[in-house]
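You will see two complexes here that share chain A, one where it goes with chain B and one where it goes with chain C.
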Partner chain A sequence: MPNIVALVKMVPDLVEELEINDSGTGLDRDWLRVIINEFDNHAVEQAIIIKERDGGEVTVIAPEAEGVEDMLFTTAAKGADRMVKLSHDDFEEGVNNHALARAFAEKAKEYQPDLILTGVQANDDLDGPVGPLVAEYLGMPYLGYICGVKIEDGKALVCKEYPGGLTAQMEVSLPAVLGIQAGEEPPRYVAISKVRQMMKTAEIDEHETDELDPDGGIAVNRMYLPEDAGRAEMIEGDEDEIAAKLIEIFKEVGAL
Partner chain B sequence: MNQDIYVLIEHLQGEIADISYIMLAAARDLAESTGGQVVGVLLGHDAQGLADDLAADQVFYADHPALKEFASDAYLKTVASLIQERTPRAILFGNTTIGADVASVLSARLSLSLVSSCVKISEGKLISQICGGKIMAESELDENTTLVTMIPGGYKTEAGQSDAPPAIETFDAPALDDLRVTLKGYVEPETGDVDISKEEILVAIGRGIQVEDNIELAEELAEFLGGTICASRPIVDQGWLPVSRMVGKSGQTVKPKLYLALGISGAPEHVEGMAGSEMIVAINMDPNAPIFDIATYGIEFDFFDLIDPLLEQLEDA
Partner chain C sequence: MPERTNYWGIPHTWGEPETFVYIIMFLSAAIMLFRFYKRASLWWQIGRPEARWDKIPQRLWLVVKYAIVQTRSLRQRYPGIMHAAIAWSFFVFFLGTALATVHDHFFEFLHGNILIVYKFTLDIFTIIFLIGAGMAIYRRYQEKPEKLTYDEGFTRTLVLITVIVLTGLFTESLRLAAERSGISAWSPAGHLLAQLWISTGATEKALTNWHLGAWIIHLLTVAFTLITLPVSTLLHALTAPLNIFFSKLDRPIGALAPTATTEDDEPIFASKLSDLTWKQLLDADACTECGRCQDACPAFNAGTPLSPKQLMLSLRESFVHNGTKPVLTGEAIPEDVLWACTTCGACVQECPVLVEHIDTIVDLRRYLVIEGMVDAELQTALMNLGRYGNSFGKSERMRARWSKGMEPKIKNANKEAVEYLWFVGDYASYSPTLTEITKQTAEVFQKVGLDFGIMYKGENHAGNDVRRVGEEGLFEMLAEKNMKAMSKADYQAIITTDPHSYNTLKNEYPANGGQPVLHYTELLDQLIASGALRFSKKLDYKVTYHDPCYLGRYNGVYDAPRRIIEATGCEIVEMPRNRDCALCCGAGGGRIWMEEGEIEERPSESRIREAVELGGVTDFIVACPKDVTMYRDAVKTVGAEEKIIVKDLIELVYEAL
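This part shows the complex of A and B:
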């Protein structure tokens, strides 16, 4: 029965307005709202699907961030067996993926995983995604862009995405790290009452990360919002005026 | 260390991937500031001919049955030994299903720095695009060989193509045994009910549509316009529309006369598949949505407030 570890991080919620910090080299974290990385959510789903099919245990590991406990309890409500929070003063202000991957690797290996799943990438990655770094730090093979996983005879048979809907079937020896693009099913919903119940009954293991080593990431000279170059012609007005203008445009391109 | 800029050439089922040409164009920009050459690194089996139209000063070619198609382990061993022997100034990889599997692992294996999601290189500065296209980050080469992953958007594919075949130097792949990753085969995509890459009018829906039932509204709109609906990735990942309707990096590339984007933010992975549309009209209530940077017309509005008056007027039109 496979031991599965899912690695999860919280990333900026892109629905909110993003701002640059005073030094001009990073995001302003004071007002930043963070949410689970979309693809990590798919990785958790895939981990639980494998557990439901093949048995085993699912451990979810995440670094400290605002809202991370709620996120972890949600994964428990979905079916994860163990929740681990990594803590370090620097996590809240953001660390690069090389530092995070070293911390993930150190903790993940304690669970002697057959499979480590994480999202294929995250929206704030600047020094590569976490998955392949963790794989190499643990000496495991890595495959990303994964959209399905079957475990057979000590190996994983995976579906890997290529452009245009083409997929490859690849075989990888275990233990391995996989970067999940989409789970076999969309992430499931759980009732908030179930999450609340977990908050009362389940416990999060807290693990103090000793030292964060960012080596391998590159220093950012400058971070900025994209310039409004070649911006769209904005159509203003109330609903009816905009609708009328749209109809003109549709006629102009021959759609009406 | 030499000053050359290497590019890992990506190919799939006997065809060069567009990202390879884009990277060659970017490498040319970078080589101008380092004073080195642009070198394509081609791994394959009986694939030397693929080098013919690469705009590189030189191509290093390794031939081995295990390199016929991409599988991460064989690629990793070959590229790692090449970097260690020749120490280029930088090596560019696609931020793709091929390059992203290789670049990060090499960063850890060889202790080399990595810059990801680079879209443009100018005067030695690497410009990355993150947070779904909402944030730009500028960095520069590290003192050692620097690994870079590239996304499309900053260069035209033609800029990396050439009529004059480059000089080819073959090199030996290292021992490629005990591979932990093997390719079993490809599964061709299921053909959908329509081929959106051939449609002239597309109504595209994104996460802004909120719930599955609202897809009907987009369908109604598409019917008026004689068009077809397509979508961004999250809609397909939810199982609301089939994969054949997905536009973007992992879906289809479309070039319609009209691309009407409803509640789509314009993340680079989506834009990659639709930037070539003749006219793009985007409706999005976030004034900072990156889709407005590539659209012809932008409407900063709640789609749900607009749809009824629009359908009414279409009825009368």
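This part shows the complex of A and C:
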């Protein structure tokens, strides 16, 4: 029965307007509202689907963030067996993916996982390095853009998405790290009363991360909102006027 | 002086005829009661306990009103009169027989004028019965409305009761023919039929023999009917009064019960028969299959798989086969049936025997929700409600964005005391197409000098429809958040824009200091009456008014909105389905968040067609933000843009100010 670890993080919730911090190198975290990374949510769902099908245990590990307990209790209500919160003073301010991946790897290996699932990317790092980095630190193979996982004879049979609507089936020996693009089923709904029940009965293991080592990560020089290019011109008037104006413009730029 | 002759013409060959009659009747009644007990014991053997023994006088009154006078049944003229004719006749026959027994054994009083009145009454009810039976025959075999069940059990019952009455009439008329009594004309039906027997030229002896035959058939048919009653469609004669007696009195129709719990305080999410209460099973057994619920049901008429009648019959079918068919959700009752309900309350409103369909539907939905069996759109809405307190998935900080730029700025009721706490609701707050109407509402309040405020981001979705979706935990959470915010505010009364919020705040939230909850139409109506709200313009539109389910059927607010419309100078033309018969727009009970599924005609479209058919009505007036959304869509999809405009009532008020 597979031992599954899901690595989850909270990312900026886009219902709120994002603001850049004073130094202009990142988001202003004071006003930031965070939500579970959508891809990680799919990873949790996939982990629970595997558990329901093949048995095993699911451990969810997440770094400290506002609302992370609620998120973890939600995963427990869905069927996760163990919830681990990584704590360190720097998590709330945001850490780079190398530091995060090291922290994840250090904790995940304690559970001797057969399978580590995490979101293939997150809205605050679209290059998706957490999965590969964890695999690297633990010396496991990594496959990304996964949309389905089956465990067979100590191996994982996975579906991997390719551009253009292609899907490949691959086999990977365990233990392995998988970057989940989408679970076999969309994340399930979990009733509030179940989550509240978990809040009363389940416990979150809190693990103090000793050191956050950001080595190897990138440094952001400047973060900014897209600037108005001011190139668009709205043509107003009735159909004839617009058509006449268009012809004029086409002639001007030499298209006619 | 006319005297009653007991057992006239019945030979005493084998002893006193009354001995036989009593033995047969007692045996039949005993068999009936035993069989009924066997059936009824399923309710409490399978169903969970539920206390419904309180308020006995009130319960008995309900029995008089609904089971004896049958006011609900009489809401529909033809079937109402038909059923009353049959049922009341049997009540009278039963009473007549009982009085005869009293006369025979306890107190002789049936002589002289009393006897004449007695005979006349019984005879008149024979005629009334025959009219009722004739109506039933016409309806069942000629008219054949779709809502009825065409099962031979109904035919059997109709034949049996008709045979009982006809053989009774034959017995009487043959006696009259043989007796040639002077008072026979006081039994007009018997008297007329007696003339027929006399015209055959039969001897008195022959008539007396025929009389004996008719009497025996009469007696045996009554006995047979009694014995078979618990397994026939006449079962409702016992279950309906019981169901009415045990109907819910502990809460208003607008309040659902919280999820039931076991003795160990574990919640019960109903998926199988044994999760329901005995009363919910009795509901199913009390259903008379009259089909009025189905006729009134917006979901059924839209072509969805839900028929409230079929729901009850599936439940009945399931518990008659308990052990082999105990699972309800997804098996005896498919999921799409449960999700199709708009909780509009029309079925409950129409049911002559007070079946509580919606409570059972919500109980079963609670199971589907706890199992995560919700469609993707509903899931998104619920997750948004859980996270942001609104179904739109927008930040709570944006809740009062519609009020931006209003002068003076609307008071924050969480920061300063106000007379009226305005609970704006989700749709009025967030729906981009409704913000103009919400602003107008605020301006009307300002113009009449109302001291009011809103809770800005402190307000959450009130939870009415969250609860009706079956997400009880989320409802509780939303209610707690709102209660917390409201407890910080200083106000005298709550006003709501949305009838759904209105319903849950008024009927389901714990009474918070006892401040009244008003729908804005109730408030405006009060302000017009007190002279605080006066109109400067007189509008002369010909309009129709649509009663929102949660304002009308659930809370009885029918007149306030109509009085306001009339005060603006508009003329109201009623749609055929008005007031408590109003058709639901299709959005309630969380339907507005769900995938539509296969549908033939949306309820909202049927409603707009109904309004257009009135002819000459230019404005379709509503008093619910969801209605504005639903009906503006429907006007477009039926292509009635040129004919009718959907307006919120506040728009009329705003215009006439």
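Note that the second predicted complex is superposed on the first by the 226 of 256 C-alpha atoms of A that agree within 3 Å, B and C clash if a C-alpha of one lies under 4 Å from a C-alpha of the other, contacts with A are read in each partner's own complex, and residues count from 1 in each chain.
Just so it is clear, contacts are C-beta pairs under 8 Å (C-beta built on N, C-alpha and C of every residue); 3 or more make two chains touch, one makes a residue touch a chain.
A quick note: this is a predicted structure, and the numbers were derived from the prediction, not measured.
Engineer: With both complexes overlaid on chain A, does A:S23 touch chain B (first), chain C (second), both or neither?
Structural biologist: After superposition on chain A, A:S23 lies in contact with neither partner.
Engineer: Is A:I242 touching anything from chain B or chain C once the two structures are fitted on A? First, second, both or neither.
Structural biologist: first
Engineer: For A:S193, is the partner it touches chain B (first), chain C (second), both, or none of the two (neither)?
Structural biologist: second
Engineer: What is the contact status of A:I35 with respect to chain B (first) and chain C (second): first, second, both, or neither?
Structural biologist: In the superposition, A:I35 touches chain C alone.
Engineer: Contact-wise, after the overlay, does A:S87 reach chain B, chain C, both or neither (first, second, both, neither)?
Structural biologist: Neither: A:S87 stays clear of chain B and chain C.
Engineer: Between chain B and chain C, whom does A:P12 touch in the aligned arrangement: first, second, both, or neither?
Structural biologist: Only chain B is touched by A:P12; chain C is not.
Engineer: What is the contact status of A:I218 with respect to chain B (first) and chain C (second): first, second, both, or neither?
Structural biologist: Once the two structures are laid over each other on A, A:I218 reaches chain B alone.
Engineer: Residue by residue on chain A, keep only those touching chain B in one complex and chain C in the other, then list them.
Structural biologist: Of chain A, residues 15, 186 contact chain B in one complex and chain C in the other.
Engineer: Where on chain A does chain C make contact in their complex?
Structural biologist: Answer in residue numbers: 15-16, 33, 35, 186, 188-196.
Engineer: Touching chain B in the complex: which residues of chain A?
Structural biologist: Interface residues on chain A, with respect to chain B: 12, 14-15, 17-18, 20, 27, 38, 42, 98, 101, 120-121, 123-129, 131-133, 135-137, 141-145, 157, 159-173, 176, 179, 181-182, 185-186, 215-226, 228-235, 239-240, 242-244, 246-247, 249-251, 253-256.
Engineer: In the complex of these two chains, what residues of chain B are touching chain A?
Structural biologist: 12, 17, 69, 71-73, 97, 100-101, 103-105, 107-109, 111-117, 125, 128-140, 142, 146, 149, 180-190, 201, 224-227, 234, 237-239, 243-244, 246, 249-253, 257-258, 265, 278-282, 286, 288, 290, 292-301, 305-306, 308-310, 312-314, 317
Engineer: Quick one: which bits of chain C touch chain A in the complex? Just the residue numbers, please.
Structural biologist: Where chain C meets chain A, its residues are 259, 267, 369-370, 372, 374, 376, 378-379, 382-383, 386-388, 393-395, 397, 471-474, 476-477.
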